[in-house]
Amino acid sequence: MSDQRQRQVDAIRRHIGEVENDLVDELVAGRIDRREFLRRGSVLGLSLSSLGVLAGCAAPNVTRVSPPQTKPPKAGGTIRTGIVAPAAALDPIMISDEGGLAVLGQSAQYLVWSDKNLTLRPVLAESWTHDHTGRVWTFKIRRGVSFSDGTPMTAEDVAATFNRLSDPKVGSNALSNFDGVLSKGNTKAIDPYTAQFTLDAPNGNFPYLVSSDNYNSVVLPKNYDGGWDKTFIGTGPWKLESFTPNQGVSYGRNPRYWGQPTVAERSEVTFYAEEQAQTLGILGNQVDVVAHYSVSGGRALITNPDVRTTQFRSSSHRQIHMRTDKEPFADKRVRQAMALLLDRRALVNGLLATKSDYGNDSPFAPVFQSTNQSVRQRQLNVAMAKQLLEAAGKGAGFSTQLLTLTHFELPDLAQVVQNDVSVAGINLKLSILDPGSYYGSSKFGTSPWLDSTMGITDYGHRGVPNLLLTAPLSSKGPWNAAHFRNPQYDQLVAHYVAALDLGAQRAAAGKIQELLLDETPVMFPYFYYFLTGARLNVSGVETTAMGHVDLSRAGFA
Amino acid sequence: MSSFGEPIGSSVTAADSPAVAEPTVGPGPDEAKVIRREHLALLLRSKTFIAGALILGFWIVCAIFGNLIAPDDPLRTNPVAALQAPSSAHLFGTDTLGRDVLSRVLVGARDILIVAPLATLLATAMGTLLGLVTGYFRGFVDDSLGRLIDAILAVPVVIVGLLSMVALGPSTVTVIFVIAVVFTPVIARTVRAAVLSEVQYEYVAAARLRNERAPYILFGEILPNVMGPVLVEFTVRLGYAIFTIATLSFLGFGIQPPAPDWGLQIYQHYGLISGGYWWPVLFPALAIASLVIGVNLLSDGISQAFER
Amino acid sequence: MTRFIAKRLGLGLITLWLLSVLVFFGTQVLPGDVARRILGPFASPSAVTALNKQLGTDKSVFVQYLNWITGLFHGDLGTSVATRTSVSSIVFPALWHSAKLAILAFIIVVPLGILGGVLAALYEGRFRDRLISVGGLSATTVPEFVWSVVFILVFALWLGILPSTATAPPGSGFLTQIEYLVLPALCLVFVLFGYIARMARAGTIESLEADYTRTAVIKGLPYRTVVRRHVLRNSLLPTIAVVATQAGYLIGGLVAIELVFNYQGIGQVLYRAAIQKDFPVLQSAVLIVGVVYLVATLLADLAYSLLNPRIRFESSS
Amino acid sequence: MSATAPEPTAVQTAPALELRDLEVAYRVRGVWREVLRGVTLSIARNEAYGLVGESGCGKSTAAFAALRYLPRNGRVMSGSILVDGEDLLSMNESQVRQLRVSKVSMVYQNPTAALNPSIRIGDQVAEVYALADGGSDGSDERAREMLSKVQIADPASVMRRYPHQLSGGMNQRVVIAMALATNPSLLILDEPTTGLDATVEGEVLDLIKTLREEFETSLLFITHNLGVMAKMCERMGVLYAGRLVEEGPVADVFDRPSHPYTVGLLRCIPRGGVRKDKETLDTIPGFLPQLGADLPACVFADRCGLAEDICRQQEPPFHRVSEGHCSRCHFYDRAHTLPRTTGAPPVLGESARQEPVLQARGVQKTFHQEGHAIHALNDVEFALKEGETLGLVGESGSGKTTLARLLIGLSPPDEGSVVELDGAQLAPTVSKRERDQVRALQIVFQNPDSALNRRFSIHRILGRALTMLTGQRGEEREEHLRQLAHSVRFDVRLIGARPAQLSGGLKQRVAIARAFAGDPRIVVCDEPTSALDVSVQAAILNLLVELQAKQKVAYLFISHDLGVVRYLSDRIAVLYLGRLMELGPADQVFESPQHPYTEALASAVPTAEGTERERIRLVGEIPSAASPPSGCVFHTRCPRYIGDVCKTEEPELKEVEPGHFWRCHYSAEQLRELQKTPPKPRV
């Protein structure tokens, strides 16, 4: 590498902190590849320019990922997009479903955008830094941004937004994310263009919590008080034209938008109650884009020549929990046996038409960079399963109920599981409820989900494994359907969350993965890909694993 | 009142008035058998009846011996072999979980052929009871029950089904219950009409004139005379029951997986036809259609025979 | 006559009241917690209780019923807990959608059905009759979603001549809307034909066998005239009533079709409301469907008695 | 009467109707059953030809064949039908239509059903003209004329009305108007007055008579009522089992019946004021053969008292008895010697007890319809002694049946009405009455088909009645059941049969047996024979008399047939608009002086002798019970109308002779005087 380049590098390395320098060393040593370096760097708040320079010192053997070459779309036209109908009121604070956040994302924006590679891109925040402990995070807010109603956006609005979200009385849907991380009133506007977060505990991944991954965290005017679905107020590229509940929204360009104007003239978003109908919609040319489709509902699209499918990994998955405190799963050998009986290959290749990663019975999806790849993948092994059952005194098999809900491929998964375990004489009785009945009150004792002996639950994508490690598995986890109580595990998770540098995170991850493989309170059969369909003449659609669909750059060839 | 008025007089020449003439049968107890035999003969001569019986018969056989006939285990999933087009290996192809569609269609007859008749039977029983009571005791009972029936009828069948299924949780038992509840009023109406015309007959008055109690008059005297309409109604309702059950399954509130129910199969796969995967949808659809048509042919044949 | 109408109206109201009770307490037994349903399974309990209080879903059932009814009397159908919009803003557009579909279907099926029924009656017992009545009945009892699926397969995907959804793009003209509604309407035609034909057939046969028809024939009237003037006049009366009773089914009974065609009709509203435990929508929507049904039947009765001198005069004299 | 009509002269042109060896069969449950077995008859122009016979003999079939209008399951097997000499069977559809338009038309019973309920009368009549001369505009005008021809007072308004708004009689006039509209050469009348009230029947018959003279139409008149036949026709034919067994001038046939069946028929009907204590009615043994049954050479042989082997071997030829009078019987010359089947009348000993079994005082019944009250019964009172028969006569709406249902407790009387059994007030409804009261007071309904549960065997029907009324069980009950069956002459071997398998007579016997199951004191007979053929009717009447003699049971006998009532009753009560008009010993009621209404009623009845007295025309329709006339309810139609007194004050029910009451302002003497001469028609 040239001296001049080396000088730049040193110059930067002198200004950045310890953690950042470790990262650079790892890169130079080739312990992480360039992509991961960029991702981590973005989290730590290194500016993209300096990241670019530093990335230059990556070990030569690292292959560079080049973005797919598609010629830019022509301006103008109306882009028609199909999404799953929002399940509930369009209130940014309350939204909890994919349809809702997809709509939210059209006209409102986040401080930070977490793209499909989980790399953070500055949006309303220009840059961010943290103190050495990782407790205090400071964000520089972009200048010259105004809401669609004309009022300029400042750090005041940012502070108001996050204090609102972290206020238990408001009962926002983001509370579960901020729980134990950010408390009400700890977000301050230092000056009109600087916002500061003081966390309850150190958190290396905090920027994800103010990014699109924490989808409720769109920046709203400080005086916002409900009624969003009348105005669709926000700082985004699109401006509301008309909204018909249960039917759809149409947008025009936002004349006050601070960034590049949208490629397409207008955007029409159509809600589909049934994924089946959505599939028919794009095939019948009723829409140009389906923001997100599942293999179960959209299999037709995968093979259809008129539709281009773009896919990327996500941490969306299914959890098959087994009550660790109750027969027949009290004995961990039984749980292991169950996991060994799962034919994951068949699931991935058949049920998910290969659009999926293998799950290894822990929340550490391949997509997370902290995931410890060295842990061996659990494979189908009927013989061992039978031995384990024998040893656990269940050689003759047993029978219990498998509970799940009518949601995408879950009923199918349930049937496959039922079928897979039957070889060991295990008889699962299926009970398939509608979502409302399945989750019930979501409180222990009054929720089929949390009380069932065995059940399959759908978990959406998360940018970081943190929540997935605590809520469903830690002793006090509110979603701990497996009733898994393991102090050692809780400890490991605490370490992992606190760990700031990747090495430490990987180390902790490894231990957690091993422990979960041994205990197997929950089976993670697969982490499926995020699939987006668009008609051939459409390009520039960007989606995130969270379910956001950015149409600002979308247009027709 | 009017019906107790002056001689109707028509009976004088009833025997040879040109509306289809009936013989005045002379004495001879065995005549009853003769009539019954003639009815039967008529049934067996009616093509619709035969056709219906054959179709229904076929499905009944499938329902009973399905697992023996079926080339494959209708429940054995094999995701890797999902959605294979019809071939010599799988005549009707395979579904999303790689199960043999033919086998599922054959065995699928079972659930519906158990649930539908049971439900219809229950509905017919309750409906007949209701119809008898409302038709015989007019006044308050009739009015109030009538209103209630109206109220129920005012809500579309599917919605009532939907609500009850959500409320009671989907299960075969619930399906039976729901269908029964939904059909009872309809049947009650028909029976009530029949009863209204029966109570005009003086044998009812005659019964009261020997101090018979209402229950005996209802079930002992009137019921046997309205069995004809009831039977026809039953067969017709059976068709609608299949319809409704299938619809409920299609909405995901009927018979539950992994049961190879036809409506369920369509529900699980209809989104796929657009992708050219028509076989997991078409064959169950045809199955439903054929069964329904079979039942209708049958009921049509029966009502024909009894009208003659 | 007025007596008659008043009586029917009175009864209708009682029925409505019963319906409201049935619906309300029926929906109350639906499992699942409203706020939880809105906030999703992963929302924090505190949020849930807060929302329940805000929605009033924590009050006793009876209080809720009273609130609802009083609301109805003030023309307020309540607020959807799912979309937080007024129920009327959801239900009435949907109602209009369903109505459009229903009307189109009726326009096609009623003449067809009556024609078929009369033909069947004229050829009673012959092949044509069997074909029409059995074929019709079968078409009726083959579930509409089976038809929808088949029609989409054929017309939308194989032939590609008709859209696969029923919702026309916003602001599209009359004809376009029709074009989008053709397929679902066709399904309805299949479902209704047999039913109407059956009634028309029964009525026609009855009056074909009546003495007055004999009189007409013996007068020496040409057969066509006998049928047109003497038979149909009486035979089609019952059919009217039947057609009307189908309104209830058409408005709200079409869940399956509306789902397959992604049509925002009242049926789909009901379906979603049921799934989402959106009580206000569910209750009001069901009630409105009930009203539609009762009004339709009332109108039918009126039409019937207006066209039928026997009733017209007895009630007046 | 035959003097009034032109004598059938040698037919110069072709006869109006001619049937030659006509054979017609119905296909019932897949089998062809013969209805007409080679009928040959011809009706000359301007001739009135009557066809009598009992159920299933094929009367109506013959009629409809003459229009080539058979039911879907009927077919002409052989023979020919000629109308004005044209062969009907060889015509094509349009020719047949033309024929129906111009030459033949028909009137049948139940006129209200015969008119289209949803078309105005005017249009229905006009239609015919429109048809006759290709839809000319004058048809309305001509319809009005025609309606006035059938003596409809206000044709204009009637034309604007619908059938259900007119009375049966009125509708029948309309039907007749339509039938005669195009001046047909042949008018077929199939039981045109069955089901109409006596007075109305009389009017319609008169009308037909006058019109046919005016229009010079030939009549084919079908009836089961010999009286009507005698009144209306010149020539008659007797049908039995699809065969014409006797034919000839009405007078001849009635005087010298030359076929055993005809003889039997004539003996069956109570004539010349015979009474139950004088002689029993003769009956015809056996049953009417069922449709298409195999019959011996002489179809009547099986039931004939004169039958010998020859009757079964060779079919009797059509013997000529006298000019135009033929009989299909080997022994036509001694047909009248047919032995009687029934013996001397039973002895009806006067009952010792004088105090009445049943006592009714001030009986009222009010129905409420759509707000306004209808007084179906008004202050009715009578007493019934043990073993006596009270005949109850009156026209529709007079309240006969209401009274019956009220006595047996099927519908409760108004408050204050008194009905006593052996001096004990009876509860208003049967369910509240003692078992002994219930069993003491029973009824025989008009129509056994309706009165017997068609699903049950006779055994069950009677058995159940015994169990409920007498509380008997097991063998005791079986024994009693056999006696019961025997007492009504019901063959015990048929005990397992169901009603549908029995003939009307047998069914009525069962109904009677059921009424007698609990040894009743009083049996209400509501038109028990009006649904039956005359031969069967006779048997039933005899049975009733016999049972009365045996068991000292009292009858309340309701009938519209005055002949029957007179035969059976000791006393007679006449009802009009729910009021008792006259009540007295049978003979006195039938002889002058009688209440004007009774007078009119009696005069309206055609008798088989044909020797009827001048019929008294009653003007207008029976008023509706909803708004009865002021004063004497009969004043609007009374032929002996006095004046305002009748309008203003309602006469008391006064005793004019010992045991003879009536409700009229006239005294017995006045009426006796008046009734020497027929009243002059009121306008």
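By letter and in written order, the chains are A, B, C and D; residue numbering begins at 1 in each of them.
Everything below uses one rule, namely that a residue touches a chain if its C-beta (ideal position, glycine included) is under 8 Å from a C-beta of that chain, and two chains touch if they have at least 3 such contacts.
These figures come from a predicted structure and were not determined experimentally.
Relative to chain C, the chain whose mean Cα position lies farthest away is D. Contact counts per chain pair peak at B-D.
Per-chain Cα centroids separate chain B from chain C by 22 Å.
Chain A and chain C have centres, each the mean of its CA atoms, that are 44 Å apart.
Distance between chain centres (mean CA atoms), chain C to chain D: 52 Å. Along chain C, residues 30-31, 152, 157, 164, 214, 259-260, 271, 275 each make contact with two or more other chains. In chain A, the residues touching two or more other chains are 274, 276-277, 280, 283-284, 434, 436-437.
The set of chain D residues touching two or more other chains comprises 69, 110. Within the complex, the chain B residues that touch chain D are 1, 4-29, 31-32, 35, 38-39, 41-42, 45, 200-203, 205-212, 221, 224-225, 308.
Residues 67, 69, 97-102, 105-106, 108, 110, 113-119, 127-128, 131, 162, 164-165, 175, 178, 370 of chain D are the ones that touch chain C when the two sit in their complex. Within the complex, the chain C residues that touch chain A are 30-33, 36-48, 50-51, 80, 82-85, 89-90, 93-94, 152, 156-157, 163-165, 167, 169-170, 259-262, 264, 268-269, 271-272, 275-277. Within the complex formed with chain A, the residues of chain B that make contact are 75-83, 96-98, 166, 169-170, 252-253, 256-258, 268, 270-277. Those residues of chain A that touch chain B in the complex are listed here as 274-277, 279-280, 283-284, 296-304, 343, 345-347, 349-351, 353, 406, 411-412, 414-416, 418-420, 430-434, 436-437.
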